[in-house]
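In this document, chain identifiers A, B, C and D correspond to the written order of the chains, with residue numbering beginning at 1 in each.
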Amino acid sequence: MAKEIIKIENLTKKYGKNTILKDISAEVKDGDIISVIGPSGAGKSTFLRCLTLLEKPTAGVVSLEGEDLTKKTQKEIEHVREKVGMVFQNFNLFPNMTVLKNITLAPIRVKGLSEAKANQQALSLLDQVGLSDKAEAYPDNLSGGQRQRVAIARALAMKPDVMLFDEPTSALDPEMVGEVLDVMRQLAKSGMTMVVVTHEMGFAQSVSNQIWFMENAGIQEKSTPEEFFSNPKTDRAKEFLSKILVK
Amino acid sequence: MAKEIIKIENLTKKYGKNTILKDISAEVKDGDIISVIGPSGAGKSTFLRCLTLLEKPTAGVVSLEGEDLTKKTQKEIEHVREKVGMVFQNFNLFPNMTVLKNITLAPIRVKGLSEAKANQQALSLLDQVGLSDKAEAYPDNLSGGQRQRVAIARALAMKPDVMLFDEPTSALDPEMVGEVLDVMRQLAKSGMTMVVVTHEMGFAQSVSNQIWFMENAGIQEKSTPEEFFSNPKTDRAKEFLSKILVK
Amino acid sequence: MKKIYKFIMLALLAITVFATSGFTTSIKADQKDVTYDRIMKRGYIVLGTSPDYAPYEFQTTSNNKSKDVGMDISVAKDIADDLGVKLKIKNMDFDSLLVALQTGKVDMVLSGMNPSAARRKSVDFSDVYYKGGQSILINKKDAGIYKNKDSFKHKKIAAQTGSIQYNLAKKQIDGAKVSGIQKGADLILALQTNKVEGVVMEKPTAEAYAANNSGIKVIQGGFTLNDDETSTAVAMPKNSPVLRKKINTTISKIKAKNLLPQYLKEAGTYLKGNTVNTSMIHYWKYFAMGVGYTILISILGVIFGFITGTLLALLRLSDNKVLRGLSAAYVEFVRGTPLMVQLMFVYFGLGLFVNLPALTAGIIAVSLNSGAYVAEVIRGGINSVDDGQREAAESLGLNKRDRMRFVIMPQALKNIWPALGNEFISLIKESSIVSIIGVTDLIYQLKIVQSDTYRGVAPIVVAMILYFVMTFSLSRLLKFYERKFNNG
Amino acid sequence: MKKIYKFIMLALLAITVFATSGFTTSIKADQKDVTYDRIMKRGYIVLGTSPDYAPYEFQTTSNNKSKDVGMDISVAKDIADDLGVKLKIKNMDFDSLLVALQTGKVDMVLSGMNPSAARRKSVDFSDVYYKGGQSILINKKDAGIYKNKDSFKHKKIAAQTGSIQYNLAKKQIDGAKVSGIQKGADLILALQTNKVEGVVMEKPTAEAYAANNSGIKVIQGGFTLNDDETSTAVAMPKNSPVLRKKINTTISKIKAKNLLPQYLKEAGTYLKGNTVNTSMIHYWKYFAMGVGYTILISILGVIFGFITGTLLALLRLSDNKVLRGLSAAYVEFVRGTPLMVQLMFVYFGLGLFVNLPALTAGIIAVSLNSGAYVAEVIRGGINSVDDGQREAAESLGLNKRDRMRFVIMPQALKNIWPALGNEFISLIKESSIVSIIGVTDLIYQLKIVQSDTYRGVAPIVVAMILYFVMTFSLSRLLKFYERKFNNG
């Protein structure tokens, strides 16, 4: 059995009186490609952010490779985060730096890599996402698809054990979705552990090995893609699929 | 042959030095359902806005039912606009009014309908888009799909001869896209003339009788859906389709 | 004319020498004293005084009744007490006092009066009960350094601009840097804030200040002065030997008990309506009135500013290029110049054509100024309405007026309430400038309290806190309603 | 003391009567005139004067050289011209003038000097060449209504606070409402803006004002005055019969030609350095200096404000709750109170501990005030950076310092440049308040020019335009760079 990377036990998250996540337990094993799907407002983003403690869980345990993150101090968490790459819907590239600087900043400052080393590594990653010619460009001069690919390269530069994606394609124009999904597919093939919140059912179906269906503050269903798309267990999942697929 | 509703001759639109639309000629006949597709920045929105003179064309003629709009004064154009319904990507409902008021404002102020008459008509339109219970709600309390359906009802309340849609579903969460497309499908069936800018290829394929493919400031290809999707004439359309369909 | 002063000193000296030697002997003649008898019979003594010479005698108002107070009044009370009669005070012009004595309208006069030779011809005088003169106020901490005027050579010293003291300091202190300052309270402030080392002042006034300011101290001026013009005595009708004797007894008693410093101190606390103490709470009425005016001006400024601003914003949106330009120019110009000059312009400039009271001028200036800012707020509000709203309204066929009225304006107004609230808050602060033309707002009152209490910093602190309370509570109130507005 | 004044009048009267009858006969004795001979031999006459008594004689500076001017100087020039010699002027204390005459240091004295009996003992006097006295200034349009003091019964009239004129108006005009105003220029302004109907002033000064203000007019005061103290004559050494005769001839000529009004008018234009005209261009140096100070204060205010603001913003972001609270409280309090009180607080409050020059106090107050606003700008700048940036940086493992340094701050700073520019612009306007503590900024200079030119509105307009030019060009400059910044 593959190594356990993330383990979530009885995770609860509240904002004031609103319970956004309620008593969620789940685990991510080495090499897993998990697609998290569900309607808007189900708590998918919040769930993902809890995994890397960008949001502090109200209750429950989130462990990364056996270490309980909720018990850690702010400083220790900063250290743990190196192991978790995160890609956001809105890219969140640093507009005040070139693409290269965006990618090398964290390796240099956090891992203490030399600039030369970091640059070399960044260029190879840019090559990997098909943007070796954009190293000196500024984010504002890139298309959405290009930005998201840089964001992926930036996260990969920290050599994380697991990559989290929060709707990486939903801010993109339709014709740019493909290039980003291609990079993610490649990454999956290379054996990276991934948790992907997405509305791209095609991607979810063809790449992931598990679908987690979230609704109403919880994971309502965990299935293989085959099961989920052909025969969803819950009525809610059925309804969701009917809405999203039949156009 | 069906009546000609909109006729565009050698339409050109520039912003400063940038030519956004270049020498476009086309026509929309009564009952046409035209899907305008193309990559981002191709000028689709600008084209649509030129049809109802929300943008003033730099050169060329736009005629509505035989009348040249470009020759008209601002006041006359206001009058002509009654005949063209427009639905925007961002709904643009008036947040300071109830749903009912949103729909009845223009019939009362522009067409001079009595309030009772306008209300009656609005309620029947709301029924038509499946929102008869939301008449007294404010837009802020509606979901995106509901808002867009109200926006359609609002446009229909002016009994337009043609309806223009600018990416009516692209600001919606995926699970709400369906309900809006359903309403549009219904509308198409009822014989309304429609020009729809969209990225929903399924809708374009199944509902429209013509596909206009825009790129590079012009309409590169006008085909039936069957032709377009099975065998696009231009290389650019082919490339676009390959990007957007293969995920 | 300035040159007269020195000359007068000499002249006076000559005259007084002559007078005191010539007349003082002729008084003891008649031991019958009608005045005294009249007083004792009636049971009260009538004091004539001209109460416009603090701290000798002056009027103070409390509870809307004026009352005569001052050192001379205290002395007069002692005299009446010692005579065992009541004291009645008759106020009149200084010039009429002697006539009143001669005609028996009053029984005695204490009014900072010098027993000069000319006067001795027509009335009797008691012994001198107070010798004034010119003193110097210094900070207590410097008591070791400064002894009299000669300690101030090449030092900084202040006096009231154009006063006798100013000239004395200039002429009789070698190389002193003499600053002229207009108001008494500012002189004290300058001393307390170490801007000068000393302040030359008439003795009783100096003593009144010192008695009410723990940090300062009176020292002898040591100026060369004619002695006679500094002494003060009680005047009574000619041939009042008994009364004169009695009064001289009282004066001896007062001198023996050294009561005058205390009387002066009391007089100091009365100065300008200060009844007992110089604590800020005592002045709450002044501050309250200041707050009232500040709020009044701010509210009217906001209201008229809103009207002006709306007009300007509408002009800015009109199709007429000239009107648009005018409105833009007005807004740019007003926002580009300080309210202070605008206020001066309105007050003095408009004042050429109509006689504007300061308050009106202040409100006009504040409103015109506020109007420019409000115009921008309204324009900003209109711009803040998503352009999609206009497009949607336009594509529904609504005309320009209807678009404004039903779609744009309601949303714009909703957006600008907070900004208007902030404008109100900043008006509260900016209205403070109207004090320079004499509107009795909070700052103006603060200055009055400063000069009334001879305290420099405390009134500033109180005004500061009051301003803060006003702006802070208003901003909280606005936030509260804004939140309610957004939730409801 | 006020009571002295009237008494002096009487005393003077007596003395002068005695003096003029007693001594004037004894002068013609010796026809030999050493002084005259000396003058003619040397070819110049030495005038002794004490140039501190405008408009009689005073100093004016042009091109950094001081020069004696005034009515007396003009008369002295005429005397020298008629004698056919040059005029040399020796300035000295008024008190030394007679001694200088007696010891032959000067040949004549014109210094607003009264030919009093006491003086006649030691020196000779010419005929009286000027009779002063108290006049009333009115608006020309009212010339039909007001004839002299008696026309002002129950009217509004003004005089300098605490001056002889003020007392005259109070005592000698029945029921008049007398306003005390501190400065000469403000008195004129009050008259021009119809706030009062008349202004009581010493005659020559009144004439100087009237000569330089077309709208106003001098009328006879008609006050009861002692005649002698208002007349002015030339003093010369005893036994100068020839010189005296010559000088009297010149005086007769001056009287015949009625030259004195013209001399007074010239003196008026010189007052406080005004050389020829009262046009605003003539005063460009004053305005330039004002603009200089205004810009200086604004620039220093922006720089120190930025430093203060950065510190406050950093405190606000610190983990220490107390520091956070202090910073927030400071910002709230400063933004909630007017700069005017803050300025007073710094100037007078801090002044209790250190002696702060006004300029320093002004800069400190402006900086501390600006700091609070800048702190909010910086905080706003940090908040304006999309939270996603922080999250991205955080999820890359960057610590707090690095996040600030590399990601948040660079973007925040870029965002706040325009706001800082606006802060600079508003400082230019707000710095105007420092004029109230006497910093010589643009507003202060505007007041100086007002009192120098006796013109109320023109200097205000000039200052307004200057402020506008400053703020407007700065805002254009900022917009230009901002656009460049955004495009580049």
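The definition used in the following text is that a contact is a pair of C-beta atoms (placed from the backbone, for glycine too) under 8 Å apart; a residue touches a chain by one contact, two chains touch by 3 or more.
Quick caveat: nothing in here was measured; it's all calculated off a predicted structure.
Asker: For chain C and chain D, what's the span in angstrom between their mean Cα positions?
Answerer: Whole-Å distance between the two chain centres: 22.
Asker: Could you tell me the distance, in whole angstrom, between the mean C-alpha positions of chain B and chain D?
Answerer: Here chain B and chain D have centroids separated by 73 Å.
Asker: I need the residues of chain B touching at least two other chains; which ones are they?
Answerer: Expected reply: no residues.
Asker: So that we know how the chains sit together, what is the shape of their touch graph: line, ring, star, complete or other?
Answerer: ring
Asker: Provide the full list of chain pairs in touch.
Answerer: A-B, A-D, B-C, C-D
Asker: Quick one: in the complex, what on chain C touches chain D?
Answerer: Interface residues on the chain C side: 1-4, 6-8, 10-12, 15, 53, 93-95, 112-114, 116, 118, 132, 160, 162-163, 171, 182, 189, 192-195, 202, 229-230, 332-333, 335-342, 344-345, 347-349, 351-352, 355, 425, 429-430, 432-433, 435-436, 443, 446, 456-457, 460-461, 463-464, 467-468, 471-472, 475.
Asker: In the complex formed with chain B, which residues of chain C make contact?
Answerer: 386, 388-389, 391-399, 402, 406-407, 410-411, 414
Asker: Note which residues of chain A are touching chain B in the complex, please.
Answerer: Those in contact with chain B are residues 39-40, 173-179, 181, 199-200, 202-203, 240, 243-244, 246-247.
Asker: Provide the residue numbers of chain B that touch chain C in the complex, in ascending order.
Answerer: Those in contact with chain C are residues 49, 52, 54, 75, 78-79, 81-82, 84-86, 88, 90, 92-97, 105-106, 109-110, 151, 154-155, 158.
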